[in-house]
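Two complexes are shown next, each including chain A; its partner changes from chain B in the first to chain C in the second.
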Partner chain A sequence: MTAVQVAERPLSGSDAVATVRDLARTEAGRYARHPLFLIGTVVALVMAVPVVRTRDPDPLALTILPAFFVGVFGFVVAHRLTTSLQRTAELVGSTPSSQRRRTTALCLACLVPLMAGVLITVECLVLTAVDPPDVVPADGPMAWFGDYSWPVVVSALLAMGPVACLGGPLLGVAVARWAPFRGSALLGVVVLVVTCSTMASGPQFPWRVMPPWAALSDERVEGGVILSSTFPSAVSPVWYLVYTLLLCALAVVAALLRDPRGRRPLLWTGAVLGVATAGAFVLALT
Partner chain B sequence: MRASAGHRADLLVAWPTVASAVSVALLTTGLALLLSPMPVPVLVVHLAQLALAGGAAYLLDDAAAALTGVAPRPTWRRRAPHLLIGGIALTGSWVTVLLCVHGAGLSTATLSLETGTLIAVALAAATVLVRLGEAEPGALVAPGVVLSGLASLLVGGLLHREVFASGTGAGSTARTVLTTIWGAAAGTALVVLLMAWREPARGRSSPTT
Partner chain C sequence: MTTTTTATFTDVSKTFGGTRALDNVHLGLSPGVTGLLGPNGAGKTTLLRVLATALGADSGRVSVLDEDLATAAGRLAVRRRLGYAPQETGFPRGFTIFGFVDYMAILKEWTGRSHRHAEVRRVVDLVGLGDVSTKRVRAVSGGQRRRVVLAQALLGHPDLLVLDEPTAGLDPEQRARLRDTLGRAGQTSTVVISTHQTEDVAALCERVIVLHTGRVRFDGPVRDLVGLASGKVWMSEEPDGRARHTWRTGTGRWRNVGEAPDGAELIEPALEDAYLLLVGESAASEIGVPA
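== the complex of A and B ==
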């Protein structure tokens, strides 16, 4: 069999959209069938039950389940899906599409883990409603509905759960596009987890909320037991949500920039997004 | 000429393993300096252990396995330079990590047992995959080892259960139980490694026609 490199033919706007839509559907199917995604999602769904039953009065801590089992696992899934296209470059190159459209399709396929993240977050909400955590003392604070306004709690839930499930895979696509060497997935996971764990659990602002996943609730712990939880007054969860969404958009732009053709509009978009991200970060701290 | 030198270097050095070992040493040293005089967080030490095990999974990668499998040279001799240089890099990196956590109150022997076990498990999994025909098992095993290790740490933390023996108090029953489990896991991994490493064709009489 001979693989023939077909020159990219210019497509009309509707044709290009249809191509990307078809490719995205295919990639979403590959993502949804990937064993690592399935294992991660099932483990997160199952683990939520015993974790809720520990009845720690910090329900937001549950969001670490989708963030890790779908977001960090998703980094590896997206990395492998992206590099698999590069490993079969001769075959893929013979299809009437471009690298940028394939990257766009891979980014759109990352909506699959976003949906999984939403599902796990809803499960956590239901389980917490059914079996509410105990606060010590009983009238103590809890970073949850009732003690805080719903936009604050919902923003924190979304930023720490579903958006992290989207961001991890998008970062995986970007890393695989720019660093497709063996071991880059391993290195990426280690750097991502070290950054988030060491900075997010540290006491100092603004570094604490700089990583793409940050613990937005403070716990009062005595003798190793969590008694109550609060939102730190120094952080606005609503603006932190905007910040993380903009980081996701930057990851998409970074992935698309790998294709050398027509970079100027993307560079402008990246610059605008970079400024907006910095602005959202500042606003999150004021 | 340059390409030939590159190929020779690839035959001698498992680059992902060496890169992982160097990265772990640099990251841990950097964090230790950055956080000084506070000790390096235990989570970072566990991450270093997992990353080194993940790096070890690349030791058996051999993109040309399908071609060299028919050569009369035994597999272990072909892989000896990879194993030797990779082993030196991993050992050097681990010694650096131990120097960085010196004074953090962690047992060096227990940490080393855990690291040895994780590396043995990674190598056993890679050897099994090689036996099943996978030329480059590192790409599958390395993220698998790191993700499963992190998942165990996370779930253990959420359920208030220790997974690593080094996280328990010295002399406690939990330390004894966990050390025994880690030792048993190392033994099992070594048995699997040795069984999967055997070359089935070697030592048999040649087929007669």
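== the complex of A and C ==
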């Protein structure tokens, strides 16, 4: 037996913030090492290159890469990380850390896919800037959002790329907390993808911007060539970004509400967020 | 050693469906190593789960480390001073042995990274897994996984150590090491182990509690339980039909347990003999036949 110096337990254990921080670090490491996350991120990073090289002029359309390969895949990753502790439920339940603490840590770990989404979006912007789209005809309008202000363009990019990468995993945590049965991850992914693809591609407002991921750009195509990308006139990308961020916050609250203890403040927070989300949605349509 | 009571069960009952797992259990636990014996379904695991705050009692009062387990604050306070190794547990994918014990240490509120890692290394070494600590938990043998569960229970020298069948799946050398570890822990803490191995109880425990059909059938020093079988164990050349239990030993002779006939070759009883007699008598009294 190896002689090891006995470590003293540092505190009585009331430092909840430090515990959540350490848990979040561990969960973030588990997330970052998950094969599905690694595959999704690498595929999105690699696929962005040929997509740009084929002269797709719309960087906004490229955000579907991180949204799908990091956001949708992330739903499954976060779901699996959350339910993985079910196997150890009795052991984990005998520790002083509550389920709410662990849920908070899992939600914080979802910053990993957010960072991946930012990385892929930046890659798309850089590639598009280095190798800009051809303008057809040569004196025609510049293809990507030349007339729009930066806040508007950046809001749309963030909402459709990185925020989708955050929202998918957060939704995965919430679904895993409330429906931890086998197959709920697959079911959740199908519902998420079908909802976004059917509603986001439809021409009718307000349904088009209701899902957590919506196509915010319209393209003018002539002879098979994309001449310009514009935002639909009835949508504010800035408020849509606020709307999606509030949806993320609602997912966190929904996940935390699974722990029956001390629900009242969370219910109030959820109610306020719900009203704010509805407000942001209305403003996104004006 | 002090005689302070660490945990008290007062008329505690627990029912699953139509089965009464604990039936008005009344006992107190003190520092030292206490063994919990009983046949399958006797209520051992239920008692340990209640003690480890994993399960609430239906009725009665459970007080552990001066905390009432009926309250959330009481359970939380106990969990901060508890080490628990359940009978069966799964492991999340992807964790190494060190990583899993470290994760449990975080859940146990070890927030300083260097302190925590030192403590994790200590307990991993203590259960003899130091050399394989970088291996994935799900890739190691069942016995090693069992020791992973033990390692996390030993984190931080808990005041109350609750171990459900800790020696299951361990080889003789590992069992000897575990006895040493638990014996040391019992010098300062209350250690409660459930087991089917009477030799573990005989080798390790100062006190033994025998449960049968959810009730406490014996509670006292190991030597007192062994004393119940004094004069009731004998050897014979052939199986003795008057014995309650009889089996052929390695010498080719037969060991008999029960009411010894006159002139029988009496031998020193072992804990197992006493346990068999006690549980047999309890079972007989349950169904209303003379033991």
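Here, the second predicted complex is superposed on the first by the 253 of 286 C-alpha atoms of A that agree within 3 Å, B and C clash if a C-alpha of one lies under 4 Å from a C-alpha of the other, contacts with A are read in each partner's own complex, and residues count from 1 in each chain.
In this section, contacts are C-beta pairs under 8 Å (C-beta built on N, C-alpha and C of every residue); 3 or more make two chains touch, one makes a residue touch a chain.
This is a predicted model, so every value here is computed, not measured.
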item	value
Partner chain(s) touched by A:P265 [first = chain B, second = chain C, both, neither]	neither
Touched partner set for A:D22, first chain B, second chain C, both or neither	second
Touched partner set for A:L85, first chain B, second chain C, both or neither	second
More chain A residues in contact - chain B or chain C	C
Touched partner set for A:G223, first chain B, second chain C, both or neither	neither
Chain B versus chain C as contact partner of A:S97, first or second or both or neither	second
Common ground on chain A, meaning residues reached by chain C in one complex and by chain B in the other	80
Of chain B, residues touching chain A in the complex	15-16, 19-20, 23-24, 27, 31, 41, 43-44, 47, 50-51, 54-55, 58, 61, 136, 138-139, 142-143, 146-147, 150-151, 154-155, 158-160
Sites on chain A touched by chain B in the complex	36, 43, 47, 50-51, 54, 61, 64-65, 68-69, 72-73, 76, 80, 181-183, 185-187, 189-191, 193-194, 197-198, 224
Chain A contact footprint on chain C (complex, rising order)	49, 52-54, 72, 76, 79-80, 82, 84-86, 89-94, 99, 102-104, 106-113, 115-116, 118-119, 121-122, 125-126, 128, 130, 149, 152, 156-157, 177
Residue ranges of chain A touching chain C (in the complex, touch as defined)	1-2, 4-15, 18-19, 21-23, 26, 30, 33-34, 80, 84-88, 90-97, 102, 261
